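Beneath this line is the structure, given in structure tokens, with notes to follow.
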Amino acid sequence: MIFEWIVSILLLGGGIFILIGSIGLNKMPDFFMRLHGPTKATTLGMAGILIAAMIYFSVTTDTISVKEILISIFLLITAPITGYMLIKAAIHHKLDAKKGTKGLGKIEED
Amino acid sequence: MALLWIPILSLLASVIASVTGNLNRTTSAWLTATMPAIALGIAIYYTPVVFAGKTLLYSLQWIPAMGINLSFRLDGLALLFVFMILGIGLLVILYARYYLSAKDSMAKFYAFLMLFMTAMLGIVLSSNIIQLWLFWELTSVSSFLLISFWWHQSAARKGARMALAVTGAGGLALLAGLIILGDIVGSYDLDVVLKSGELIKNHTLYPVTLVLILLGAFTKSAQFPFHFWLPHAMSAPTPVSAYLHSATMVKAGIFLLARFYPALAGTDLWFLIVGLTGLATLLFGAYIALFKHDLKGLLAYSTISHLGLITLLLGLDTQLAAVAAIFHIINHAIFKASLFMAAGIIDHETGSRDMRKLNGLFKFMPYTATLAMVASASMAGVPLLNGFLSKEMFFAETLHQQVLGSMSWLIPVLATLAGVFAVAYSARFIHDVFFNGERICLTPPPHEPPRYMRVPVEILVALCIVVGIMPNFVVDGILTSASIAVVGHALPEYSLAIWHGFNLPLLMSFIAVVLGLFVYTQRKYFFQFQASLPSIDAKAWFEFWVQNSVNYSAKLINVFENSSLQRYIFLFLLCVLVLAGLPLFDMVKLAGSEALMPISPQNAVGAGLLIAGALATIIWHRVRIIALLSISIVGLMVSVAFTRFSAPDLALTQLIVEVVTVILLMLALFFLPQKTPKESSSPRILRDLGMASSIGIVVGSICYAMLTRPLSSISDFFLANAKIGGGGSNVVNVILVDFRGFDTLGEITVLGIAALGIYKLLTNLPLFMPSSDGEGRPWAKERHPILLASVSQSLLPLALLVSVYIFLRGHNLPGGGFIAGLITATAFILQYIAHGSQWVSSRFDANYRKIIASGILIALLTGVGSLFFDRPFLTSWFEYFKVPLVGKVELASAIAFDLGVYITVVGATLMILASLGKLTIGTEPKESK
Amino acid sequence: MLDTIILIVFSMIGIALILNLWRLIVGPSVPDRILALDTMYINTIALIILYGLQMDTSLYFEAALLIAMLGFVSTVAVCKFLLRGDIIE
Amino acid sequence: MRLEAKVSWLPTPFRSLLLFVVWLLLNNSASVGHLILATILAIFIPLLTFRFREPQPLILKPGLALKHFLLVLYDIVIANVQVSILILGSTKKLRPAFVKVPLDLSHEMPITILASTVSLTPGTVSAEIYPISESINNDVHEPQKYLLIHVLDLEDEEALIKMIKQRYEAPLKEIFQC
Amino acid sequence: MGHLVTLPILLPMLGAILLLLPPCGKNKKIRRALSQAFALFTLIASIALLMNSTTNNIEVYALGNWSAPFGIVLVSDMLATLLISLTSFLALCCITYASAGDDEKGRFFHPLMQFLVMGVNGAFLTGDLFNLFVFFEVLLIASYSLLIHAGDKHKTRSALHYVILNLIGSSVFLIGLGVLYGVLGTLNIADMAVKVSLLTGDDVALAKIGGLLLLIVFGLKAAILPLHLWLPKTYSSALPVVAAMFAIMTKVGVYAMFRVYTIIFGEQAGELAFMAQPWLWPLSILTIVIGTLGVLASEGLRKLTANLVIISVGTLVAAVSMHSVMATAAALYYIIHSTLMIAVLFLLADLISVQRGKASDRLVEGKPVAQPYILGGGFLIAALAVMGMPPMSGFIGKIWLLKASSQITGTIVFWPVYLIASFVVLIALSRAGSFLFWRHSNNEATTEVAAPLKTNVIIALLLCSPLMVIFSGKITDFTLAAAKQLHDVNNHVNTVLAISNHGVK
Amino acid sequence: MEILYASCVGILVTCGLFLILRARTFPVVLGLTMMSYAVNLFLFASGRLNSNQAAVLGKSAQYADPLPQALVLTAIVIGFAMTAFVVILSIRGRADLGNDHVDGIIPNKNKVLQRETR
């Protein structure tokens, strides 16, 4: 039942990270900071759950299940793009950054 | 068979006329006249047989399903009318040859006239009552054409339309009456109807039938109060008037009364309606006729009056009234035709019909004047002329009737009164036109008409005299035979002698003549009195009535049809609410017997998100971008629901469609306002919410009721046969490409057509290119962020690979051509977004139209393929092959079919999105200041 | 045990989804809302995978894959719309 | 740096390899049939999509690439844990900042990879690449590029820039030889 | 007869596809020839089916070799073959007419027309309710696209209304289908008839809801009150040749009513027998009334004709709700007649509005038409036909319908309404004709006459009316037989489901 | 579960219809989209609700009714095609008629609000 433990831990970890990501989405004071949670914590959380699934299906079925890796690959490719496009939109919309954010002057007019 | 030739010959005449009308006018007239002349010959040939009491029949099967045959029947009554129609018709042809001016189309005139003749012959010869009605309506149509012959005159147009309206309305009533009549007796055959008099009269529907049929007859024969169209029908060329007023059209109504006399007459109701209507018409027509300054107007009202007289006779309960009616039909036809022709000659020669202008014409056209005077005297009922005889009979019959019970004496009194006016207007016709001092400024001086224009009048006037002097010799046969046909049994004794001794009718005639002349001499006072009454112009009244109806209906229609889509939708939803909602109340219990599934927290969260998304959409519906984001939650949760409830294919499809839809809506939003203005008032919003939620509750309840009931469906068959019969283990996909492949074929066709339609919509689209977003921000400068550009091009091959994967597994596992197609399309769309249209089209210049067509073609041909194996369209085929190293491989026609789906989907989706995207090529959004 | 864990993780993701929804509703800006929706999409992947684990089936894997691969396209489209209006230029 | 491969039917070998692997992953199988199919697809799909590929540097040091990839994976895990701690902690203590990192890389693909890496690693989200293509003046050859990043909690700007350049940019330069 | 029954669907489909592909869609000459050829082939196939249906019992074609109720079947009975023949003939006329120039006023005219024919024929032939939905969508999407052919403002506006309303209609259709499947567990119309008769308890009410939801959809397609409001603007703003083709579209709704409420909810349906009747009967009469007022109120010939469509729909739906063989037979005769005559009126309106210049088809004084004989005569014939005046075809349908309705209790309402409607139509059409042909603002006619192709099509369509009178014996025999076949539910069910013993359980 | 499902359908119908009853094309399009979600869920429900019974042979012990799923798939595709058409038609309407009102004319009573906000 070792594998159940591993799967459980991975799942729990994944769930926690996903939750944290969404907490970040809600807790952070400005948009730029809110962006960090979903682009990172969530991605890791996903990875946790996917690996859990991989192990689970590899064990419960005869074959080794590796295709969950694909989802991770796609997430790794697309998450930065999403974040990048969003931040561009936010800059374009001149969203307020938290007071005291350094380097605001580095943002150029687009 | 020869019977059939009578109307056919007349129809042929119409054809001949239209063909030869542009030849020499005389030739045309002769050629046209030949046909009715032959028809007349046929009628004469049959006269002895008919006189012998036989009824000739000829019948052809026509519409057996409705019990309508094409059948003709010649009895005494019909023969009489055939003689009148053909005889006077021939005279009219001759007369019209000279009457019409060079610029009038002879072809058209004769063609219409002969058509009219055919219709009349058809009426009188019909042995099937529906067929009778058919010809009846045909007279309305052809008379419309004749009355409107000079359509550039407003009076002709309006007169024709009015005549059509009145007689058309009567025709409809008649039709209704005849159908009921047919229902009562169980047949449309005239013989059956005529023999079923008792049955009909005792039937509960008799009053309805009678009234309807009488409405038909009265409108046609211009009985009061439906008389008003007739005077305006004289806008027609005079030969037509002569024909219309004497032998045809108006006589059709009388014919109808006579025709159905055995079946309908004899009841109190009949006597009351027919008698009183006739009486009223008789009086009214006679009175008004006196005041008409127009020659034809006078004659028209005189016609009305005489038709009233005949109707009254048919409505009297005496034994000989019907005979008198028939006799007067004959006499009236003769003198009225001649009078109209005379009036036409006068009009033709002087250019006027106004009796106030026409004076002393006797000097210029003594011959014509004499003829007119004789005919006119006959109209007045002067002895030795035919009019006198039937009028005497009429007076005699008014004395014998008991129609009004104790008040029956009124009828002879009023009849005499009408006689007074008849004499007065006849006197006016003679005196005011031909004498009454010198003519008033008519240049050039009128003279006698061409020789042959007078011939018809001469013949008719001669007949007036001959019949008047020797009635027995000339008309006895036909009168008897026709009367028997009307009365339906042998006639009582009667004599047509000129002299019956001094009796009450003679006294009535005498009073009429004396008082009539007196009235004419004192006409000034009558004219003054009449002028003080408000005059109604029927034409103006009719136009006013029509225009008002048009205006009111336009108002009413605009109330409903106000071009408001919201209203239309609301009405539609109201229907849904009522029709779907009401049966819910019939249900004893909404919940069914099935055990319910428990609600798990995660499902509750999913449902909560879905509901929240839906509510957010309507709350923010005016901020479009937010509404769009909100609705995406719903789409996402619907996919999750499909996953949750065991529908992986649906989940996949919904997800990918969702993505494409969002892109589509984003594309659209660029060309649309970003915000919806607040337009609806609060009550309106409440109303809409009320309607929407009511239907929501109804649909939800139905859904619940359905979900909680057991289902036994045909699907077990699909589960059982998917693998063995369809070669796939994904049953949903096997249904799509095999069991119900035809649906899918239709579905991709829809997609293809939509793409074509969209392409069509976007051609020549005038563009709105906003230079800034909803808040007035100018657009960002960077068009193709490099991060997006490079990632998307790396993603393309991966996406294609996944498409292939999804496509190939579809038959056995969730997936299939449609989803694969959308994945491919989305990957390409991503290229469009990341790099722009030009970049993509410079690399991939595909013609999406051809792609779509080939996709559908592949699917179609896959289906057609089975025909070559003599299997029905779309029959699938699959086989497992052993391939060395690889193992068992399945080949299935379903794959080819699915390939068609795939290609169509790719083509259609790209065509839709790319052509929308391409719109802006070369048109930069304007830089804002 | 695994079933219990799965239920716990389900509730975590459920809470995460509700939090995302909250962000989507309160905004305040449009990018915030897009971000919230995008996160929701990603979390849904977890939801679907978890459901597959619960039901012991891999039939729903492709749905998750699809979201991972193409879910971002709509986000990108919306961002592009905010930036340029015209998403296909 | 090389933009084009030598073999015409295999213009992008690593892409083909990726597709080959992904196909096997997707099908969770390495049967003969799938190997054949994977090969076919790995050859044909790149040929089909080749035209959609902007000329870009090829990976010339695959070994290094793999190593770098694993490093990044490791960093991602670390970064996520760090960010999670930051999120759970007090937001008031956070010191957010925008930082501009000058780039030595100039080609799109390496820059993209760098930006993506940065996004997934400690406390940063890549925000922009300056100058944007629309404002590049054609006369000026190869302008200096910058990566604008947002940092959740910035301690030392210089150190961060240096770390990014050394830890992530340098290996990329080597991998693509540009 | 083998695969013949598929041809009226597949031929236009193939035609449409070929018209979109390179060699055939290349230039307009080829396009026109091909499109006309395919329309002709479709007509020939339809007529062959028609001939076949007179001598044989109902033909059932199991698509994909999956027999009913599992697969989709095409059911070719006399009713269906009659209507596909009518559709194909009308399509041939419209395509030919459009080939004189209208087709080039926008993209894809010919393919769309072929797709429309495919959709309409499919709807007539299918024996499966969901497949009916699919074909409805095919014909709708094709009609949307045709509606905006030669687009202008008005077309766009009315298309928006038409499309949105029909989309809502499609939603309701699916809900109705869902309910019916949810209760009956089948989609085949004949099978549904069997299942409906076995329902008990509250399932009856659910099935009723399903049936009534479909009724609303069919009502929308057919345009019965109060779902008719979209029609006048839509039809009058469409390109006339498109509107002429649309003359068949409302009939699809009527047809669906005939099928569903005679077979599924017909006499054998127990509690649900004739369930549409209480709704259809009053609504049909009101439809006639509103159509009549519309005819009177119309300010132009096209609008007037569009309102004539509404009257014809009211009349047909009244016949549907009479549920008698005779009424159905009359309605079938009437369908042929009214479809063709309304089509020709739209085409005439086209030529008239072109030749009258600025006055267009509006009922105001205008330029005289350049071809008074052909247009005026044509108008006269068509007008006589639609007002039900002999010697044109309208009167037969009218008499038959009156006769059929004389036995039912509603006669007292129907007769007066129907007869007065006829009268008002007469008034309105004579007024319209008077304006269009007799009242001129000046006497200068345009010298530009219509293309001979166009007038030939009009003449061909006009000729149908007298021919329908001359051969009314044959035609009425056919429609009567078709009606008998339609009302013989047992035979239908047994044939479609291939049940050899008789009787529905 | 069933009652939750039915409620969701009901609420989607409500929201969809409310949007469809709006005066501008875009909300109407959203309403139609929402309505098609509702309809698809409804049609799907005609096969009843099942957990873990995907109609893929060999993957579970019992199977959900596959037919409604196939019907919904067809409905989704057709719905997509129709939505696309109506979206483009809305654009065309805006371009041809100058506003995005479903009737092509902004009613007079709201003159103050007539100005389009962009």
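When the chains are written out, they are named A, B, C, D, E and F in that same order, and each has its own residue count from 1.
The definition used in the following text is that a contact is a pair of C-beta atoms (placed from the backbone, for glycine too) under 8 Å apart; a residue touches a chain by one contact, two chains touch by 3 or more.
Computed from a prediction, not measured in an experiment: that's the story for all the values here.
Student: Which chains are shared contacts of chain C and chain E?
Tutor: Touches both chain C and chain E: B, F.
Student: If you walk from chain to touching chain, how few steps can bring you from chain C to chain D?
Tutor: When the steps are counted carefully, the minimum from chain C to chain D is 2.
Student: Farthest from chain E in C-alpha centre terms, which chain would that be?
Tutor: Between chain E and every other chain, the largest centroid distance is to D.
Student: Once you count every C-beta pair in contact for both, which comes out on top, B-F or A-D?
Tutor: It is B-F, judged by the count of C-beta pairs in contact.
Student: Closest chain to the overall C-alpha centroid, by per-chain C-alpha centroid: which is it?
Tutor: E
Student: What is the chain whose Cα centre is as far as it gets from that of chain A?
Tutor: Taking each chain's C-alpha mean as its centre, the farthest from chain A is B.
Student: Can you check how far apart chain B and chain C are, centre to centre, with Cα atoms defining each centre and the answer in Å?
Tutor: From the centre of chain B to the centre of chain C is 61 Å.
Student: Could you grab the centroid distance between chain C and chain F? Build each centroid from C-alpha atoms only and quote it in angstrom.
Tutor: 21
Student: If you average the CA atoms of chain D and of chain E, how far apart do the two points sit, in angstrom?
Tutor: 62
Student: On a C-alpha centroid basis, what's the spacing between chain A and chain B, in Å?
Tutor: Chain A and chain B have C-alpha centres separated by 71 Å.
Student: What parts of chain E, by residue number, touch at least two of the other chains?
Tutor: 130, 134, 137, 141, 144-145, 148, 151, 157, 160-161, 164, 168, 175, 178-179, 181-182, 187
Student: Which chain B residues touch at least two other chains?
Tutor: 563, 565, 569, 573, 628, 644, 648, 669, 699, 706, 711, 713-715, 718, 739-740, 743, 747, 750, 753-754, 757, 761, 770, 780-785, 787-788, 791, 794-795, 798, 802, 813-814, 916
Student: So which bits of chain F are touching at least two other chains?
Tutor: 20, 25, 38, 40, 42, 45-48, 51-52, 54, 56, 60, 67, 74, 78, 81-82, 85, 89-90, 92, 96, 102-103
Student: Applying that definition of touch, give me each pair of chains that meets it.
Tutor: Chain pairs that touch: A-B, A-C, A-D, B-C, B-D, B-E, B-F, C-F, E-F.
Student: Along chain F, where are the residues that touch chain C in the complex?
Tutor: Residues 51-52, 54, 56, 59-60.
Student: Touching chain B in the complex: which residues of chain C?
Tutor: Within the complex, chain C contacts chain B at residues 10-11, 13-14, 17-18, 21, 24-25, 27, 30, 33-34, 37, 40-41, 44, 47-48, 51, 59-60, 62-63, 65-67, 69-71, 73-74, 76-78, 80-89.
Student: Quick one: in the complex, what on chain E touches chain B?
Tutor: Touching chain B from chain E are residues 3, 6, 10, 13-14, 17-18, 20-22, 61-66, 69-72, 106-108, 111-112, 115, 118, 122, 130-131, 134-135, 137-138, 141-142, 144-145, 148-149, 151, 157, 160-161, 164-165, 168-169, 172, 175, 178-179, 181-183, 185-187, 191, 201-206, 208-209, 212-213, 215-216, 219-220, 226-227, 229-230, 232-233, 279, 290, 293-294, 296-297, 299, 329, 384, 387, 389-391, 395-396, 398-400, 402-403, 406-407, 415, 419-420, 422-424, 426-428, 430-431, 434, 437-439, 472-473, 476-477, 479-480.
Student: Help me check something: in the complex, which residues belonging to chain B touch chain E?
Tutor: Contact set of chain B toward chain E: 61-66, 68, 130, 133-135, 137-138, 140-141, 144, 148, 151-152, 157, 160-161, 164-165, 168-169, 171-173, 175-176, 179-180, 182-183, 546, 549-550, 553-554, 556-558, 560-561, 563, 565, 567-569, 571-576, 579-580, 583-584, 586-590, 592, 699, 702, 705-706, 709, 711-715, 717-718, 721, 725, 738-743, 746-747, 749-750, 753-754, 756-757, 759-761, 763-764, 849-850, 852-854, 856-857, 860, 864, 866-867, 871-876.
Student: Per the contact definition, I'd like the list of chain C residues that touch chain A in the complex.
Tutor: Counting only chain C, the residues touching chain A are 1-2, 5-6, 8-9, 12-13, 15-17, 19-20, 22-23, 29-32, 34-36, 38-39, 42-43, 45-46, 49-50, 52-53, 56, 58, 61, 64-65, 68-69, 71-72, 75-76, 79-80, 82-83.
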